[in-house]
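The letters A, B, C, D, E, F, G and H name the chains in turn, as written, and every chain counts its residues from 1.
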Amino acid sequence: MSPERLLALLERVRSGALDPARALEELATLPFEDLEYARVDQHRALRQGLPEVILGQGKTPEQIIGVAERLLLAGHNVLATRVEPEAAAIVCRALPALEHHAVARTLLALPHRPSPIGGAPVVVVTAGTSDLPVAEEALVTLRAAGVPSERVVDVGIAGLHRVLEAVPVLRRARAVIVVAGMEGALPSVVGGLVRAPVIAVPTSIGYGAALEGLTALFGMLTSCASGITVVNIDNGFGAAMAAIRQVHVESGLA
Amino acid sequence: MSPERLLALLERVRSGALDPARALEELATLPFEDLEYARVDQHRALRQGLPEVILGQGKTPEQIIGVAERLLLAGHNVLATRVEPEAAAIVCRALPALEHHAVARTLLALPHRPSPIGGAPVVVVTAGTSDLPVAEEALVTLRAAGVPSERVVDVGIAGLHRVLEAVPVLRRARAVIVVAGMEGALPSVVGGLVRAPVIAVPTSIGYGAALEGLTALFGMLTSCASGITVVNIDNGFGAAMAAIRQVHVESGLA
Amino acid sequence: MSPERLLALLERVRSGALDPARALEELATLPFEDLEYARVDQHRALRQGLPEVILGQGKTPEQIIGVAERLLLAGHNVLATRVEPEAAAIVCRALPALEHHAVARTLLALPHRPSPIGGAPVVVVTAGTSDLPVAEEALVTLRAAGVPSERVVDVGIAGLHRVLEAVPVLRRARAVIVVAGMEGALPSVVGGLVRAPVIAVPTSIGYGAALEGLTALFGMLTSCASGITVVNIDNGFGAAMAAIRQVHVESGLA
Amino acid sequence: MSPERLLALLERVRSGALDPARALEELATLPFEDLEYARVDQHRALRQGLPEVILGQGKTPEQIIGVAERLLLAGHNVLATRVEPEAAAIVCRALPALEHHAVARTLLALPHRPSPIGGAPVVVVTAGTSDLPVAEEALVTLRAAGVPSERVVDVGIAGLHRVLEAVPVLRRARAVIVVAGMEGALPSVVGGLVRAPVIAVPTSIGYGAALEGLTALFGMLTSCASGITVVNIDNGFGAAMAAIRQVHVESGLA
Amino acid sequence: MSPERLLALLERVRSGALDPARALEELATLPFEDLEYARVDQHRALRQGLPEVILGQGKTPEQIIGVAERLLLAGHNVLATRVEPEAAAIVCRALPALEHHAVARTLLALPHRPSPIGGAPVVVVTAGTSDLPVAEEALVTLRAAGVPSERVVDVGIAGLHRVLEAVPVLRRARAVIVVAGMEGALPSVVGGLVRAPVIAVPTSIGYGAALEGLTALFGMLTSCASGITVVNIDNGFGAAMAAIRQVHVESGLA
Amino acid sequence: MSPERLLALLERVRSGALDPARALEELATLPFEDLEYARVDQHRALRQGLPEVILGQGKTPEQIIGVAERLLLAGHNVLATRVEPEAAAIVCRALPALEHHAVARTLLALPHRPSPIGGAPVVVVTAGTSDLPVAEEALVTLRAAGVPSERVVDVGIAGLHRVLEAVPVLRRARAVIVVAGMEGALPSVVGGLVRAPVIAVPTSIGYGAALEGLTALFGMLTSCASGITVVNIDNGFGAAMAAIRQVHVESGLA
Amino acid sequence: MSPERLLALLERVRSGALDPARALEELATLPFEDLEYARVDQHRALRQGLPEVILGQGKTPEQIIGVAERLLLAGHNVLATRVEPEAAAIVCRALPALEHHAVARTLLALPHRPSPIGGAPVVVVTAGTSDLPVAEEALVTLRAAGVPSERVVDVGIAGLHRVLEAVPVLRRARAVIVVAGMEGALPSVVGGLVRAPVIAVPTSIGYGAALEGLTALFGMLTSCASGITVVNIDNGFGAAMAAIRQVHVESGLA
Amino acid sequence: MSPERLLALLERVRSGALDPARALEELATLPFEDLEYARVDQHRALRQGLPEVILGQGKTPEQIIGVAERLLLAGHNVLATRVEPEAAAIVCRALPALEHHAVARTLLALPHRPSPIGGAPVVVVTAGTSDLPVAEEALVTLRAAGVPSERVVDVGIAGLHRVLEAVPVLRRARAVIVVAGMEGALPSVVGGLVRAPVIAVPTSIGYGAALEGLTALFGMLTSCASGITVVNIDNGFGAAMAAIRQVHVESGLA
């Protein structure tokens, strides 16, 4: 409930148009309507660029179609993450408006192209080619929110010249998303080279002592470079969302 | 070494003022001087507010005094974190310029008061009173960098009205640092209420299944609110540094 | 062996109708018959509503049919949990009396409809739609025992207004079963809103740091809301059984 | 804010005594005041028997005295848990109203003796004598809430006759709290003997593979007896609170 | 090399029939021939009942056939464990002498029937029907060694009367192998009822907090009944081998 | 209750000397008296050599004195394990009958010297000198039960000649208790050299990847030598009790 | 960039042949060209025997073909590891120059046969036949680098005579790679027998407490033989690379 | 027993000077004397530079004095590691020949100065100042063996210029020991810069997600630079011993 609507209600009480008892009843639901209002606000923000997001993992193609169809009919932008190739094929046949990004495992439709956000790009760096799907998920999410981005791939710390070559791009960034599996050390190196926020994404790449991403995760959390933050294993979407939160604050959209 | 200095050097070679062999010697250290230059840049940034940081943990009072003295003599701001009360007393007797913050376990001296940074504050929220030392470490670090901050304490999710009371303050924030132990669920709730960046700090508060902070850490990483980032257990300093990275980008200082 | 039967036996000894030596023989098995009696008592309780339960996991369709058939022939109510779709189809063809609940993965036959138990309902709440199968297993188990229940779905803590909307239903509950994966924080929030028993069920929903449900489990055990109890990961049946234990005590059936 | 106060406010608006704009301001804080009201309700319940609880762990004697004094002055019942012997001595000297229970590590003052709750007792069972402190913490908590309780100690499953001797007491129980360390198997045995709710408390008793209580915890969660619920390691207070939730529902106090 | 053979060699040296240098050469391999001798001794023991054992896990049917064929041709008894149904079918077609035990997942051929060992049986007890494959592996191994055995199944500790019914059989045992998954508590109960050696076998039965058998394993290691020993998860063969070691010592065969 | 006593009771019922109702009352406790009888039997066995055992860990000197005094007055043999040096000094001053073994951390009094058990010894082997306290605990326990034992120390597998030197002693053993920390590999080597039962005791010796004994524990459980059983970390007492169970079966005392 | 080339450049500036501005441009890339040079150096070393390595795991056959084709066209030696049989078949059809080693799961082409390296061999030892694929991966890698090697298989520590038989071969080695699963104890035994470097490779062979190789890994790290180093689980390639690093230092190729 | 001594023995048998039966007796111990001989060989190697090593951890000062005294009297070099300051003071008072290195926590006496080994040095690199004690332990061990060494400290990967400055020293090394805690990423960077063997030592430096060194350990094992080997957490001595093994092979001393 907006202040305007509440003031109107109170005016109706004063004018006698509304009975205090009936007003009380209406007000009883106010805290939730107030939050409902927040939800509306969120919707408005969404229409400004950020699509509704469907986590494809654990959903049948039919369920994805169901949710996506409702959203598209309501005129919303739609992003589905972690959609398996078979499911993607089925969904795209049903809803041709959705664009499938195979490496990122995403489906995307942007009927309302997000108003482009100016300024420096968010740079997404990967340590190895196997980290690419996670990086692409982040890139698609950024694109869906109209946030400019750049991509630097295959910058393993065992080949320092690759890292150093990337320094100019990294230093231009508004925020750097670093995607790395195995020992997960790339964020420490990047964190020492740039002063912008560094969001580290551990990946489940590796075997044995890589512990399905836990080693990279713990390594990033104990980084010797200060001020690095971390998201869940393989969570490219979450890293992009963190960067989008920052961009929104800077753009005064928050 | 800046391009300007390098060009000057080459000119001196061309003019015969500098011997190629001596120039070679000087250039031998170039790649590192180049990075040294970056370090100088970093120093400049530091003089703008961010102090040199000493991790007190595992250092003797004598070692802390030694490092701090050298920094103070060089005119640097100094921040020491994780200093035990006994060590703090000894260090402060030797170096009265350092101010001891007992709850935050920090020592701080700001001979060059950082030029205050405008804009919205970074808000630091704690779930319980036991999380206070970690929150205070973050607040002292923010203050040392001249970043405006606010504090909201004791906002456990088992008492939702406390969280809701804090909403106005949270919505004003440029970034929210959420400090929580036990199940570590407060960041999810805050992440659903605000659109600014949320930096979650798990604490080692709790016993048994709290696993000395690992449960809070994993809980925050799997948060159902998207775009939340996490730092190491009890790492209030690191969370503040992440916020400072963001503020520096926004202030064009990066 | 019931006290009545034991007294009758002793009377037969006194009257000389039974030889002490033969009585001794019969009594030798008494401790077990006594417990057997408990089993009979249990059976009586079962006929009052609680069916015999078959854990489908790790059983072939033939084995499920074998056990279920014997129970149905003996006139018992039957509940099978964790039955895969293929197995369910085979079993239902063989035993059409069994009703298949696909989401809950259960088979149920209630030839003796349990006498309905009055009073407030047990409310089953889920944090996300992916937690539904576990919630449905709990709901089917409650129904099989004649315990009234209500369902509230998709109440994630990142959208507080959903939680708050559910408060009236939650406050009516005799007990609340809260099903949640990922960070598993919903029970803490619910535990702060209601004073009835809260039984938390962690689910294996999530990836990476969710550790296949361990993060939710540990989070629930360290809940900042006091008096919350927890069952095994994905154990919707166990949570319902805990609620049924409570209802039986309250109904004087224990 | 109670409905009565809200109605009064609206009447004042209707009568013109209150300006809509000023009313709006007052109403802005309404959702939280509404929840504040819930807190008042909780306080009322507390006055009916349940004391305010102070977690002594990690607090200085001075801090415990500070909080307890304020509560006692306000006329509240007070329970402090996990108070070390030295701290307890200091606190009791300062506040003689507090009664120290050395084994339970609690301090208790009940200026408002809770109105006794009728019906069957909550029975607290321990596997070994080392589990006693946890059991006593549960018993003190139950006593503080006016809930009748009984205690059965040293009922290890390696001496089955001890368990069987306890059956009559266990079968009388409204709920059974089972406290056990090491392999944590006693709840399974008790769960097979009684039909009342069984709340299992793992303890950190044991060494090596006992993993400081995790083995008992996991053992209880995978119990082969259905409907057993578990609380955190060593959390006697939490188990009692779970039983109190149940008793409150049964007594219509919830 | 036996002492007899060594003495003969030395006599040949003394008599001049063997050159010291040639003798030296022969003696150079003595430590290994001595151990080879031990192997021969072991072979003799094997011919007395214990077959050669092939771990089927990770072997192709062809590899199993290859090894088994060579052993059978050499006249050895053969036991293959952990043979999948498909592999077993292929192997049995090639080597009809092998008898397939489907539940135990074993193949067995005893051309030299082991001389039956007298005395009390080794009793194998299982907590649940799902533990049966592990128990049957133990039973087949015992049978292959000529060790008398008995089987008691489905003796869960949540149904104490089942355990108590089994007491007479258990008390007759020379050793008791207790196979249990989930919380793994049965060995503690059995250990309190019998004074013979108790060998506990944790199984990977269960889900969630059962941690694929680790919970049962740790529970058994921290058993409150003293003198219980444990083997690896699902290792029915190893438990039987431990019992066979004991029987061999008692029978003077070691 | 013995069969004799039960028959007498029934005769009294037949003769009219006992009322069926009173008999019923008496019989109600029969299952437990029956097990009580087992306990008496156990006591008899204990008087034959095995002392009552007090776990010193976590007990005050006063508590140890209390329990030991009552046992000594009742004429029982007494063994206390894990008694810290300070506690041992206090206890021995109060009860001079107790003999303190500093390395084994035990207190022992044998007023009834156990009748010596003939046959081969139980051999206790340690991998390093740091494993000695655990080995000595096993040796004292064996001595208290009258079981002959031998000790072989410092037989690390990195020095194979030490192992091989010990072979004659190991081959004489009725059972071998192998105590080892770090990688815990000695039991595998011993298990390949002897055919008697091998009971492995992991110790908490080592650092880092030794994981306080878990590495040795897991190593022993996955031993490539078959038929090795394992007890809890540092549990020398438990290993001895396992050997005593075997000896009792062999000696017909079980 | 070598000092020689740099000096030449400076001479060209002095002589006026090179403009300072153009020289600056060239020098701007110096740090990277310097490292690029290192890469060229690496290439030279590679042409001396070490092939370019493709990690087959997680790559499609098409991707492997793509990379291998480019390398072969450029005249490089090629080694692909962890190639599944199906993928290997497809790749070999497309690129017949590649030789498939089924057990090692490798593809290898050596158009430039590495110049053979003299001296003692690197010996690769395996504890069991299941460890063979990992050992073969190491052997293929050594062969690809021209390093002489020997293989000793199936040397379990439970059969010491097998280990002792291998001593002469082991003592001849320049380095020993020891491949072992389960308890991973073989490196300790070998480390006590030889004084050359011992590189231990844990394998994921085993079940239950073998924890997919972690137990072997931790066992090797806590080896009681000093100076043993360890690589990741199943990492035969990495162990060979460590030996190649040593051989290169010794051969002056580094 | 050397071949010479064995031949002499056989000659004495042939000549009749030795009775075959007495010869048999003597030969019975041959396999062990043979290995004893290996031990003598090992001793000889030790006298060439490598001292006898005493692990101080878990030993009383008296025990250290006892062992060291015996070794010094026998003329051996002595190295004691992990000696606490208090113990070191006591030991040095008793045995002034021992030199105490406080940071390395070692005691060292080299009556036989090891003959210096020529060639390139072993370089020991540390990531942070807190890793110094582990590095110094390695350096003292190298010095005790006469192996030339160099030290590069405080080369964190978050400050790449520090790493790059160290490149010339690193490239000169015969082997590099890299000591690092926290995320343990330095070995990957070093491994990409040098081609000599890299031995990584994880340290227990760090808190929270550093997991007392496990994170660094796992990070090093999954290094993206190939051919890196790892020793146990904080095991500076072990890393040095691995380098010494390599040096001995290269020097033909093995």
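In this section, a residue touches a chain if its C-beta (ideal position, glycine included) is under 8 Å from a C-beta of that chain, and two chains touch if they have at least 3 such contacts.
Since this is a predicted model, take the numbers as computed values, not measurements.
Undergrad: Can you list every chain in contact with both subunit B and subunit G?
TA: Common neighbours, subunit B/subunit G: A, H.
Undergrad: Subunit A-subunit G contact: same residues or different, taking over half shared as same?
TA: Copies use mostly different positions to touch.
Undergrad: When A-C is set beside B-C, which has more C-beta pairs in contact?
TA: B-C
Undergrad: From the centre of subunit B, which other chain's Cα mean sits the farthest off?
TA: E
Undergrad: What is the distance in Å between the mean C-alpha positions of subunit E and subunit H?
TA: 41
Undergrad: Can you work out the whole-Å distance between the CA centroids of subunit C and subunit D?
TA: About 25 Å, centre to centre.
Undergrad: Distance between subunit B and subunit E based on Cα centroids, please, to the nearest Å.
TA: Centre separation, subunit B to subunit E: 60 Å.
Undergrad: Between subunit C and subunit G, what distance separates the C-alpha centroids? Give it in angstrom.
TA: Roughly 56 Å separates the two chain centres.
Undergrad: For subunit C, jot down the residues that touch at least 2 other chains.
TA: If we look for residues of subunit C contacting two or more partner chains, we find 31, 159-160, 164, 193, 208-210, 214, 217, 221-222, 226, 232-233.
Undergrad: Can you give me every chain pair that touches, using the contact definition above?
TA: Pairs satisfying the touch definition: A-B, A-C, A-D, A-G, A-H, B-C, B-D, B-G, B-H, C-D, C-E, C-F, D-E, D-F, E-F, E-G, E-H, F-G, F-H, G-H.
Undergrad: Write out the stretch or stretches of subunit A touching subunit B in their complex.
TA: On the subunit A side, the touching residues are 31, 38, 45, 53, 120, 174-175, 193-199, 217, 221-222, 226-233, 237-242, 244-246, 248-250, 253-254.
Undergrad: Residue numbers of subunit F touching subunit H in their complex, please.
TA: 130, 159-161, 164-165, 205, 207-210
Undergrad: Considering only the defined contacts, which subunit F positions touch subunit C in the complex?
TA: By the definition above, subunit F touches subunit C via 3, 6-7, 10-11, 13-14, 16, 20-21, 23-24, 27-28, 30-31, 34.
Undergrad: Under the definition above, what is the set of subunit F residues touching subunit G in their complex?
TA: Touching subunit G from subunit F are residues 127-128, 156-160, 163-164, 182-185, 188-189, 191-193, 206, 208-211, 214-226.
Undergrad: Within their complex, state which residues of subunit A touch subunit C.
TA: Going by the criterion above, the answer is residues 31-32, 35-36, 38-39, 57-58, 202, 204, 212-214, 217, 232-235.
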